[in-house]
Structure formats: C-alpha cells, structure tokens
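Chain IDs A, B and C follow the sequence of writing; residue 1 opens each chain.
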Amino acid sequence: MKNFNLRDFGAGIWERSNRYQRIAIVLLVITLAALLPFAGASFLATPVAAYDAVLVYPVAIFVLMSLGLNIVVGKSGMLDLGYVAFFAIGAYTNGLLSMHTGLNTWEIMPIGIGAAMFAGVLLGIPTLRLRGDYLAIVTLGFGEIIRIVALNVSWTNGPNGISGIQMPPPILGKEFALDDQKLFFWVVLVMILLTIWMIRRLTVRRPGRAWEAIRQDEDAAELMGVPTLKYKIWSFTLGAAIGGAAGVLYAAKNLFISPEMFTLNVSILILACVVFGGIGNIWGVILGGAILGYLPDRIRFISDARLLVFGLVLVVVMNFRPDGLLPRKKREKALIKKGANA
Amino acid sequence: MSKVLLKLENLTMKFGGVTALNEVNLEIHEGEILALIGPNGAGKTTVFNVITGVYQATSGSVTFDGHNLAGRKRFQITGLGVARTFQNIRLFGDMTTLENVITATDVHKKSGLVGALFGTPRARREEKENRAKAHEILQFIGIDEYADRLAKNLPYGVQRRLEIARAMGTSPKLLLLDEPAAGFNPQEKVELAATIKKVRDAGYTVLLIEHDMSLIMGISDRVAVLDFGTKIADDSPAVVQNDPRVIEAYLGVPADAS
Amino acid sequence: MFTVFIDQFWQLTVSGIALGFIYVLIALGYTMVYGVLRMINFANSEIFMWGTFGAIVASRDLFGYNQTSEPAHGAKLALVLFVQLFASMAFAGLTAVTVEFVAYRRLRAKGTNRLATLISAIGMSMVLSEVMRLLTASRPVGSPRILEKVILVEVWGAQIRLDTLITIVAAGAIFIILERFVKLSRMGKAIRAVSMNEDAAKLMGINLNRVITTTFLVGGLATGAAGFFYVTVYEYTKFNIGFTMGLAAFTAAVIGGIGNIRGAFFGGVALGLAEVYASAILGTQWKSVTIFIVLVLVLLFKPSGLFGEAVTQTRA
C-alpha cells in the first residue's frame, strides 16, 4: 500500500491500452463527468445551495481556473498571485457589454478572452523580467488594483456592481434556466475539455519543453536558445485567457457581479486547488479544483472557515506532500519496461 | 590558415573595482580545438560568460562569424551558433536525456506556439526531425541508451556527456566546453578526449576550458593562457608548456597544475 | 485638485513623516528577513496586523479601557502606552517566530525550491488573517482612546499633535536601537554574516537556524512596534489592514534597496510623504494604486533601490 501511487496507477492503465481502448477510456470519463448533474440525489447532495448550481460554480469554474493558473505556476514555475484580475476582467467585459450592447454571452466570450490576454501581455512585458518573489508581489498588487478600479470608477457602477446581465441564448433549442443548471454545467465542461486539449497539445511540443526548461533553470534555458521572456509571456497570457473565459462564464451564470467578488482570496483559493491537486499535473489540478470547490458546500463547517482551510492546505501540502494528490513526476519509460520484463 | 570564427578584441570586463578581464585578444579558427587555461580566478569562465551574453563587456568587442555580439540576447547568440556547457552541471533534471537535447534543438525551429496548438504539418515535421536529430547526437556522444532516463538520475559521467550533447543540440558552429572532465578518473578522461576530437572532426570548432594538462596537450591545436585577466601566452601546446611565464603563473598556484 | 495640497502642505508633511515612520518599522520586517533568506516574507503584513491587536488587547483587556473611558494622564499614561507597545511587539514577535517555524523551517531543511516556500508563506499569511477574521467576526475593532490628541505646537499652519510626536520620536528610537543591534551585537554580526555569504557563515560555525529565527523575531518586533503606533494614531484596526500597509511597506523597502536597513528608513519616509501628498491630490481611494505604480516603476527602472541591493538574478 505504501508504494501505491494514484498517478502511476492511472498512467499504467493508459500505457497498457491500445488506441481503441484509449478512445473508450476518454469517452467513458467524459460521459461520467457529463452525468454528474444527475447525481444530486445521492450522498453528493449539497445541504444549502442547489447541487447543480454548485457543480457550475464553484466546482467546474474552479477546475477551469485551476487549469489556467497551472499553466503559469505549475508548467512554467511563475507564482502569479493576481489571477483573480483576469477572472474579473472577463466578468466585467461580459457585464459591461451585456449592459451597453446587444451582444450575447457567446459573442462576448472571445472579447472577454481577448481583454484578459491583453491585460496579461500588458502586465507581463514589464514584470516577467523580475525574479520569482517580485513577480508574486507585483501580481498580488495587480489583482487588488483591478478590484479597486472597479470599485472606484463610475462606468463599472462602483460598489453597486452590474446587475441584469443577460442569460446566454439557448443552445440547440434548449433554454438556460436559473432552477436547472445542467446545461450550464455542460457548457463549462466543454470549455474544460477544450482547455485540456490545448494544454496537452502544447506540453508535448516546443512550448511545453520551453516552459519546463524555464521552470527548472531559467538561465540555462536561455543559454540553450529558449527565448525565455517570450515563452513566459505566452504562458502568462494563456493563463489569463482561461481566467478571462471563466470570468465571462461566471458573470453569465451569476447574472450579477460586484467588486467584492474579486478579492485577493479568489487568487489564493485557486492557488490552493492547484497545489492541493498536484502542481504541474493537469489531472491532479482538476481533482484539486473539484474537491476544494465542492467540499465547502458539502460540509458546512468548512463553508464558514473556507479560506482558513485553504490557507492551511497551502502550508500543509507544501510542507508534507509538495507534489499534492497526483505528483507531476515523470516516470522513466525505459526502466519501467525493463522492470516489467524482469 | 582557415577562417577566423570568433574574435575577441581588447576585451575588458570589470565588476565594480575588480578587473576580471583586461584587454584580452583572442582568435579562434574554424575547425580547431583551442584550450583556454589559467589558474583559478584567471577569468576563463568570464570569457565564456561574455561570449554567450551573460555579461556585457565593459569595453572591447566580440565578433562571431561576422556578427558583433554586443547587446544581443543570450538565446540570439545561441541561435547564431555558439553553445556552451556548464562547469557545475546545469541540466534540466526533471526532463529525460532525450528531452534535454530536443529542447536545445528547438532553437532553430520555425514553428512556435500556434503551430504546436493546431498541429500544423510544419510543426509535426519539425518535431519528428528534431527527435531524430536528438537521437543521432546521443548516439554520436555514446549515451543513447539513456535516452528515456531522467537527467537527474543519470550517473555523473553521463551527465557530463549530456551537457555536451545538449549543447550540440543547438547545431553550433562553436562549442564552448567549461571543464568537461571535472571529476573524471584517468580512464574517463581518455574517453572524453577521444569524444572531443570526434566532435571536432565532425566539423565543430571547440573552445575548451580545462585544468588537466595531459588532456589539453593531447588534443588541443593551440593553447591560450590567462592569468589575472590578462592573456600571457597563445601558441602551440609544446611552446606554451615551456613558456617561463606560464610556468611561473602555475607555480604560483600549484594546486591548479594538477 | 491641487488646492488642498498647497494649502495644507506642512500639515500633510507632518502626517506623511509619521506614517512614513510606521512604514519604516514594517519595512524593517521585510528587509531583515530578505537579508538572510533572500526571500520575501509574505506573512509580514499579517504579523503587523496581529501586532495592532496586541495594543488593543493590552488597553482593553489588561487595563479595562473601553470606548467611553477617559484618556489616561501622567504616569498612568506612560505605563499604559509602554505596556501596549510591549504587547504589540510581543504579539508580532511571537507570530513572526511561529511563521518561521511553521512555514519556512521544514522546507529549508529539505532544501525545496523557492516556489514551494513562497506558497507555504502565502498560505501562512492567509491562515493568520483568517484566524483573526473569525475571532473578530469580520468587524473592525476600535481602540479605546488612551492618549488625548492635544495639539502641541503649530508651525506654518501645521498642527503637531501629541500622538504624531510620540510616533516620530519613539519609532525613530526603535529604529536606531535595531540598527545598532544589527551593526554591533554578536547576533547582529552573525545575521549580517549570513546575509553576505550563507555557506561561509555556516563554515564559521554560525548556527543558521538560530540566526534565522532571531532575524524573524527582530523583524517581527519592529513590525509589531509599527502596529502599536498605527493603533495610537488611527485608533482602530481590522483583520484586513495588513494588505495595504504591507504592500506600502514592502514598496518602501524596495525603494530603499531591499535587504538594506538604512535604505528602509529613507524608503519608508519617502513613501509616507509620497502617499500623503498623492492622496491629497488624487483622493484616498487611489492610495493603493499609487503605491503599486511606484513599486512597479522602481522594480523596472531601479531594481536595486536607491541605496543598493541586487534583486535581479544573474547566475552562470
């Protein structure tokens, strides 16, 4: 039992499967995830909030944001403590455009993503030259600045926030409804799958190697020809894009946004999800986001002290299990094959 | 005489009040093995750091293959064809041996993030080519059997060789080796000398920092000696070996003459 | 827009200096830990916040003052203020040592990477602020008025109040004591040795863990003293005051050159003044934004600060 390792167990099944078995596994996992909203009557039921609403936010949106933050923190090793800024930018893009124009959620989505990416580049170009802990504190400040701006300028309605955000238009004739959020969950699920596809594509190719090299030894990476600043900005901007997308979805789900939803705490919560699940491992991060998103709604005690628990998670995991639930460690293929033959 | 590949002219490097390099002139010709020797603190690694863009020279110039290197970013210098190894091994420990080399081959790739995301034909082709090229280099250096092992778990000697293989991954014209034999036993040193010769014969130019005299005398075409940041000799190994100034510089710090 | 600034220039200057001295002490907390660990102590802002509660616990629970009590006078006043200062420093000092013990020590022993330590510290910071939020039910806590805010003198229309004067004099004195401690004491020399060259210091037989704990303690004491002055001047605290004060003090430390103790002094005063002037011109709601922009500009254009300390990293 001591040698049991969930990551290696999963990776083992995957490696032993052929192409068709793999497709079957993927379909099975997606189906199970898509069926989650129907499990509300089981032990999964949440006592206070409606179960299907909890599945959308926090669970699915946390998972999405954790995947985004993981590109920055896990893949390229940069501590971004202001991730909430991009979430807020996405949400406010949706709020403002839906208030002033006739655009619907899906039309706003690319604009929201674009705005978040633009902010990412704007913040990234000057600050990504800085060393790790300076980057952390500058991003921390940036996250607060966005909130303070939203609080103090008139065009965001200041502390009153923006209400009356439009519901997304129907998909395939099915309407979105407040009392049944299954459709919304599926929409976020599709976003999550797209994000996983994107991250997997990138990590096995040049960008993934560049990020990995930067994370391990930035100076050596640059001397081996990796344009480090460029790839750091890409990483930061992709993370921002996913945060922005999550923000657009959140505004469309909540129909109301105000500055106090976008405090520093959100950044820390998402960081806790990444760290808890397994920094750098996308399956771990998904698990972390789902568990930490869900538990406070299931167990009431945690709901009051949610941030305290998440802070403790950061300290305890870093001290006793820095790899989180699912470690990122790569296995050595050659050794394992030899071991299997012996 | 063959073409001058790298030229250092009146190169001076000062750190605050300390002069690490003082008016150093050095030429490296295509296809030769030039050894750079000198006692500890003579400024050998500083030369590497200035060439590769880690430091900006206080004055003087570095010209490589017709390009002035001043003000270029480090990865751009690598792209022009200069690659180095590190005295204290600095591999990407959590990557496999193969990935370490592929990461270096990426410097000449045309396709970037967008290509990777959408799997464009060019990106796919380049991935395949680079993988093949990385295996080729590992075979050439003789460590292909370790291709799928994590770099941090490799034996010391293999790590040192991987440093060279990774540098070769960038397809350099000039290879800077910083004490590649550090910590080797005599047998390993002999093997390494053979490898370095093989590298040169494959068309690379090599600039080598080394302490081991027998290794240097065995393989170098020319030896340049630095002492307190000043070049005090630059000639064939036989001549340098008997140069009284060189002997004095080394006797002053006998520990380095090992 | 500028009329307030011009009319009240000297008054603003006096408040700016007092605020600046508070920043100086918090900046010491950042700068000292940075000196030995080459790492930002992310929890320092919360150490400050705990320090402010120390002062209130002392006056309210130890001496039984409440919001309607009469201010103290004479010897009693001196005693209460002294005990409050002591309590603030003790609260913050203890918190700082706890932070080191819980968030840093184990990771240091394992030699893990910086990212892990940063995350551990940010988690610790969250824990400290959340514990206080739960204890105070998210409400601001007023401080009983111990010190009557009498106007001592008026120079060029600037009123110098008793609390301002005490802050400037006492904070200045604490700064000098700490600066001397680091410069002259045996422990102080060990601290400086570690910050110059950790490996060499270890070889010389310096007990690294003890030095680091002491550094956290001294930094915590300074930060705690700042908490006392904050409560004396502003007469309230809340679980979340750490963020803004911390960001400002950190900026002050960077302006002065992080790791540089005297730099922290000039950085703190400069930032205190800049903040008060900027608030008079732009309005207080833009305070944090101004500080943030100053921080980014300093990091970009003068990353070693005005008094020097390398922050960008060049290895190889």
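What we mean here is this: contacts are C-beta pairs under 8 Å (C-beta built on N, C-alpha and C of every residue); 3 or more make two chains touch, one makes a residue touch a chain.
Values in this document were obtained by computation on a predicted structure and should not be read as measured data.
Taking the mean of C-alpha positions as each chain's centre, the chain lying farthest from the centre of chain B is C. Among the chains present, the centre nearest to the common Cα mean is that of A. With centres defined as mean CA coordinates, chain B is found 41 Å away from chain A. Centres computed as Cα averages put chain A at a distance of 34 Å from chain C. Chain centres here are Cα averages; for chain B and chain C they lie 48 Å apart.
Multi-chain contact residues of chain C (touching two or more other chains) are listed as 314, 316. In chain A, the residues that touch at least two other chains are 219-220, 223. Shown for chain B are the residues in touch with two or more other chains, namely 54, 86. Contact residues of chain B toward chain A in the complex are 52, 54, 73-75, 78-79, 83-84, 86, 90-96, 99, 102-104, 106-109, 111-113, 116-117, 119, 123, 127, 146-150, 153, 166-167, 169-170. Listed in rising order, the residues of chain A touching chain B in the complex are 198, 201-202, 205-210, 212-213, 216-217, 219-228, 231, 234, 329-330, 332-335.
By the touch criterion stated above, chain C contacts chain A in their complex at residues 39-40, 42, 102-103, 106-107, 112, 114-120, 122-127, 130-131, 133-134, 243, 247, 250, 285-286, 288-289, 291-292, 295-296, 299-300, 303, 311-316. Residues 73, 77, 79, 81, 126-127, 129-134, 136-138, 140-142, 144-145, 148-149, 151-152, 219-220, 223, 264-265, 268, 271-272, 275, 304-305, 307-308, 310-315, 318-319, 322 of chain A are the ones that touch chain C when the two sit in their complex.
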